[in-house]
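Order of writing sets the labels: A, B, C, D, E, F, G and H. Residues in every chain begin at 1.
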Amino acid sequence: MANSKKKKLIPRVGILMGSDSDFSTMEEASKVLGQFDVHHEILVSSAHRSPERTRNYVNNAKKRGTRVFIAGAGGAAHLAGVIAAESTLPVIGVPITSTLQGLDSLLSTAQMPGGIPVATMAIGKAGAKNAGLLAVQILALDDAGLAKQLLKYKKDQAKEVERKSKNLKTPYGESSSS
Amino acid sequence: MANSKKKKLIPRVGILMGSDSDFSTMEEASKVLGQFDVHHEILVSSAHRSPERTRNYVNNAKKRGTRVFIAGAGGAAHLAGVIAAESTLPVIGVPITSTLQGLDSLLSTAQMPGGIPVATMAIGKAGAKNAGLLAVQILALDDAGLAKQLLKYKKDQAKEVERKSKNLKTPYGESSSS
Amino acid sequence: MANSKKKKLIPRVGILMGSDSDFSTMEEASKVLGQFDVHHEILVSSAHRSPERTRNYVNNAKKRGTRVFIAGAGGAAHLAGVIAAESTLPVIGVPITSTLQGLDSLLSTAQMPGGIPVATMAIGKAGAKNAGLLAVQILALDDAGLAKQLLKYKKDQAKEVERKSKNLKTPYGESSSS
Amino acid sequence: MANSKKKKLIPRVGILMGSDSDFSTMEEASKVLGQFDVHHEILVSSAHRSPERTRNYVNNAKKRGTRVFIAGAGGAAHLAGVIAAESTLPVIGVPITSTLQGLDSLLSTAQMPGGIPVATMAIGKAGAKNAGLLAVQILALDDAGLAKQLLKYKKDQAKEVERKSKNLKTPYGESSSS
Amino acid sequence: MANSKKKKLIPRVGILMGSDSDFSTMEEASKVLGQFDVHHEILVSSAHRSPERTRNYVNNAKKRGTRVFIAGAGGAAHLAGVIAAESTLPVIGVPITSTLQGLDSLLSTAQMPGGIPVATMAIGKAGAKNAGLLAVQILALDDAGLAKQLLKYKKDQAKEVERKSKNLKTPYGESSSS
Amino acid sequence: MANSKKKKLIPRVGILMGSDSDFSTMEEASKVLGQFDVHHEILVSSAHRSPERTRNYVNNAKKRGTRVFIAGAGGAAHLAGVIAAESTLPVIGVPITSTLQGLDSLLSTAQMPGGIPVATMAIGKAGAKNAGLLAVQILALDDAGLAKQLLKYKKDQAKEVERKSKNLKTPYGESSSS
Amino acid sequence: MANSKKKKLIPRVGILMGSDSDFSTMEEASKVLGQFDVHHEILVSSAHRSPERTRNYVNNAKKRGTRVFIAGAGGAAHLAGVIAAESTLPVIGVPITSTLQGLDSLLSTAQMPGGIPVATMAIGKAGAKNAGLLAVQILALDDAGLAKQLLKYKKDQAKEVERKSKNLKTPYGESSSS
Amino acid sequence: MANSKKKKLIPRVGILMGSDSDFSTMEEASKVLGQFDVHHEILVSSAHRSPERTRNYVNNAKKRGTRVFIAGAGGAAHLAGVIAAESTLPVIGVPITSTLQGLDSLLSTAQMPGGIPVATMAIGKAGAKNAGLLAVQILALDDAGLAKQLLKYKKDQAKEVERKSKNLKTPYGESSSS
């Protein structure tokens, strides 16, 4: 428990995004981490416009105890790859919707060469949410409290499906019709 | 050290693939895990052709101590998603090259709905290799020995680039030319 | 006729969708089934968020007499494939529009491996409507009343084209112009 | 049984393809139908090069007792759609690999307008095999023998996955390794 | 001149569209034909929903003197191909914007097999306008008046570019700036 | 007949291609024109590497009596568009297979702005063949002999389909099987 | 300084666009050039609708001292390629958003054949802005003042990222949170 | 002349590639620079595997007098973008063919955010050749000798087209045929 307390004080996850316009997407990752009470940081730092700032953050964050990076970027989305090039910590990439709907962002994030993995999520908000969840799943390997919370989260999710099914606003609802 | 020994006896990573024809790709993941001396399992199990077997494996593996799943599939690549639906452990997805060169495999693996993350890698062998590495990065968060190995691996990788640059079979080599 | 009556009481078609937000698309399938007086059910059940619920429904539905499944999902659209993995009944898949306009949904639904067919429809509402119609065509093989209705439906459809052509709001209408 | 005998004499499935070069793909459908002992026909008939022949076949086949059509075509693949325009029987479309790897064939087959469904399969051989299986699934709704065979086919398929897993030619096989 | 008069009375171009919702696009073709004083017809007729009507129109139109067909359709856009299958007259295809922005429409229209050409235009209004112009270019081969008009149209088009350039609402206009 | 003779002496169709490596594709257009006994020219001329040569050819060809241009190019395929910019004669574009399989060639040829039509064919050899046929269809509007030949060509094509169907090397051939 | 003065009077960059509707995108290039005090021109001139005007401008501009061309166009975007065909000056191409979101524009601009380079930028406004910057980078090779300004611009850009990070409207801001 | 001599001794262009397997593509750039007698360097340096080496090279190269960078990479091709992030010199990007044929490489290279331009070339060898040429065009702005060579190169290129046209191995050659 003391251990868990200490973990809370260290930002265990660092969320970076290439532009402040990415925030409306990336806050989904932050929300999930908040739900699981995982201490984290959010900042804007571009692979292209502020490369030194990005490197400095990545190197310092590790020293300060950060264990997972989440990076969101759009278009020629290099941010996650650039972080992965600088660190041996797990890096999760979120492709942000772009002029090409995020196809470019997805390919730029996922198609990494052998040797430098980036854990790529779906394009947009669903991906940002899942980035938060994957970070929790990774941290939970070493944190029984988080692992328990994850099991509950999963069950709640299944119940939520049932609840929504019952609330379908339709003459047919969940029961049979002709 | 005793702890590290024990870790070796438990298969910490489970590698699944939808078809035995995926093995030539997925063995890249196994090779990396072997290099890092990470105990693991490989099996064929399809999301579609053997759904029960897949579920049983996933549930038993967790009990036996598996901490990360790697799943490779092509086309309508549902394997990683189906595993992620059954488990709260991190799931790494490798899109296998297909009739559409793996674009379908990539989209089927990456575009997961919010709530069920799959850590998607690049299409094909580079992706399989990176799946192995990401598994190591995740395990290393809790294993100082692996973390040290990863730093060495990264340095060796950078040196290998230099070595290859010097060996370019060209009249110009690395030095200047006109 | 007594037989036809009984058929009406058993939900012959089960419509599943991965999220309640898919309902505005999937109700097109329900509307068509309603037009043909085919008894059916609609429910939300996700391949990923509620896998057990999905399996239970599929297995029970068959026992209760369901003959065709229609499944709508978007993004990494695994729902139809997961149902097809559990059943030998015909499964019709409707790709729902997504961040990539449904291209990912289409590929995730259509590109099934050999052994597990999913009858894939067009992306979105046209696809949902056609899913309903295909279910009717399948049921009609064994139901002369439905077969007759289908012929009438087809003729009406052709007449509707003519009617719309006559109503074109243009100086040229259907007749010639210069 | 007498009924089953009669069914065998009527070609219950008609397989059409736009070009004889499509045969190496489409014979997969025929093989599956053969395995299930389903009487069927195969012919070359193009939506574009022999439209009248295609219409005549479709209309006569129905009279002769054909219950399902399977159509394979590539590029601007109109064959399945043209058959669906002429008939109220279920039509299964197989997109054949093309200069664009079958993406054009897939879109031309799947993106049908509301009112005229085509049950679209995967691109290429997997799709042709599944077309045969879907036809069997449809026929099995009214044929208990086929339904039984399908269940056995599904079980055998799952066993085959296990068998292939055991035969993986790898130092790791199915068991754990380091 | 008498000849030209007669030409005007025969609808020389037939414009077909798969749905009345395509009219806002296809009227661009009609407008161009109107500008060149080319007598033409517009009608809704679907390749799938009214195949017989389409065939009848195509066959009768030729007898009545129609020389070029323009066909607009979206999604699995088979209309132009189906007309080309029935006729040896030039057929111009206009891909209509769809759920996939018209990429499916374009591929379904352009990727015709050898033996059955369709003159494919750009997606949407620009394509419809150009369909009208190509029809005029074809008719002009045999009509000196139209040929002359086309040269003027081309010159006016170039002048219009200059005019628009002069009217750029910018501090820089066409002249130089710093 | 004398008229037809004269027509034969004037090259009525000019086939241009951007590179001599396009010849293996573009000769399909020439073969078709040869079959219909249509006098034509073939030359290499690039929109980018020899723009002046291309313009000169286009302007002179028209004066010499050429009535239709066929242009084949790959990648950023501008040749057909550049010819259409210089002339009011019908221009037929053939997208040549490229590093992106011809998708770039197709889009560069088809997506012309309003005002400058290019009659775009399928990618590769099928498209080149159809370019030749479309040229014949256009010339046939004013040449009863060609029109007659086209009708025969269409019939032969349909017969060829039947012939190929009969020759299917399969245990099932065209007749029924089980 | 006198030299710098003279440079200002000669329009060193010519910005062309295919249509006046492209201006809202292309003015981003002009704004950047304005920020760097680089004298330039903007005009509408189409590769297709006003080919002669385009050629004349390109040839005269070079004589008048223009050193770099920037060309924006959408769809079958030939403008940059056509300019590059006429000149040996560097040509920068900006793909404008289109019915296909600019994928066609990008491929038409970038996929130039060997021998005729076009420096292709991103689709839309980001690309137009970068076109202006690349022109400045090129001119700066020979203009120490511009080179200095570029360094400052780059530093300001990095600072702007920091500033935006601090202003994130979130409960978490840049600092850590739980 | 002395100036020109000095220019030759300084490597004016630096060619980087992410992997030695890219050399067969990138040597096209080197060949062109060789033809124009432009002193240059070639080296392997990855954005991901050797980020520090890449930064060091870029910073030192500028000091040593390098004026243009050419970077070739495939997949998630970040190399050109990473160089552009570090420098204000012009950066030319060459997308290398990949598992997705280079579409991912192209998008990762071209879709740069506003502020950091990369001059993107075509995918593969044509792009590498053009990268060399664009570098020469940029250097020629300040080097009359190179400018003269470029004009000759362009003329030779046009002549080469004519020569190849004459050598077409066809019964029709450049002259007319029937």
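To be clear about the criterion, a residue touches a chain if its C-beta (ideal position, glycine included) is under 8 Å from a C-beta of that chain, and two chains touch if they have at least 3 such contacts.
Just so we're clear, the structure is a prediction, and the values are computed from it rather than from any experiment.
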{"item": "Joint neighbours of subunit G and subunit D, given as chain labels", "value": "E, F"}
{"item": "CA centroid of subunit A to CA centroid of subunit E, Å", "value": "49"}
{"item": "Averaged-CA centre spacing for the pair subunit F and subunit D, given as whole angstrom", "value": "35"}
{"item": "Subunit B and subunit G: spacing of chain centres that average the CA atoms, whole Å", "value": "42"}
{"item": "Contacts with 2+ other chains: residues of subunit E", "value": "19, 46, 49, 75-76, 99-101, 103, 110-113, 115-116, 118, 122-123, 126, 157"}
{"item": "Interchain contacts, given as pairs of chains that touch", "value": "A-B, A-C, A-G, A-H, B-C, B-D, B-H, C-D, C-E, D-E, D-F, E-F, E-G, F-G, F-H, G-H"}
{"item": "Of subunit D, residues touching subunit F in the complex", "value": "8, 11, 19-20, 23, 27, 30, 34, 37-46, 49-50, 52-53, 75-76, 99-101"}
{"item": "Residues on subunit B engaged by subunit H in the complex (per definition of touch)", "value": "97, 101-103, 122-124, 126, 157-158, 160-162, 164-165, 167-170, 172-178"}
{"item": "In the complex with subunit H, residue positions of subunit A that touch it", "value": "18-19, 46-49, 51, 74-76, 78, 81-82, 84-86, 98-100, 103-104, 107-113, 115-116, 118"}
{"item": "Touching residues (chain side subunit B, partner subunit A) in the complex", "value": "28, 67, 88-90, 92, 106, 110-123, 125-126, 129-131, 133-134, 137-142, 147, 150-151, 153-154, 157"}
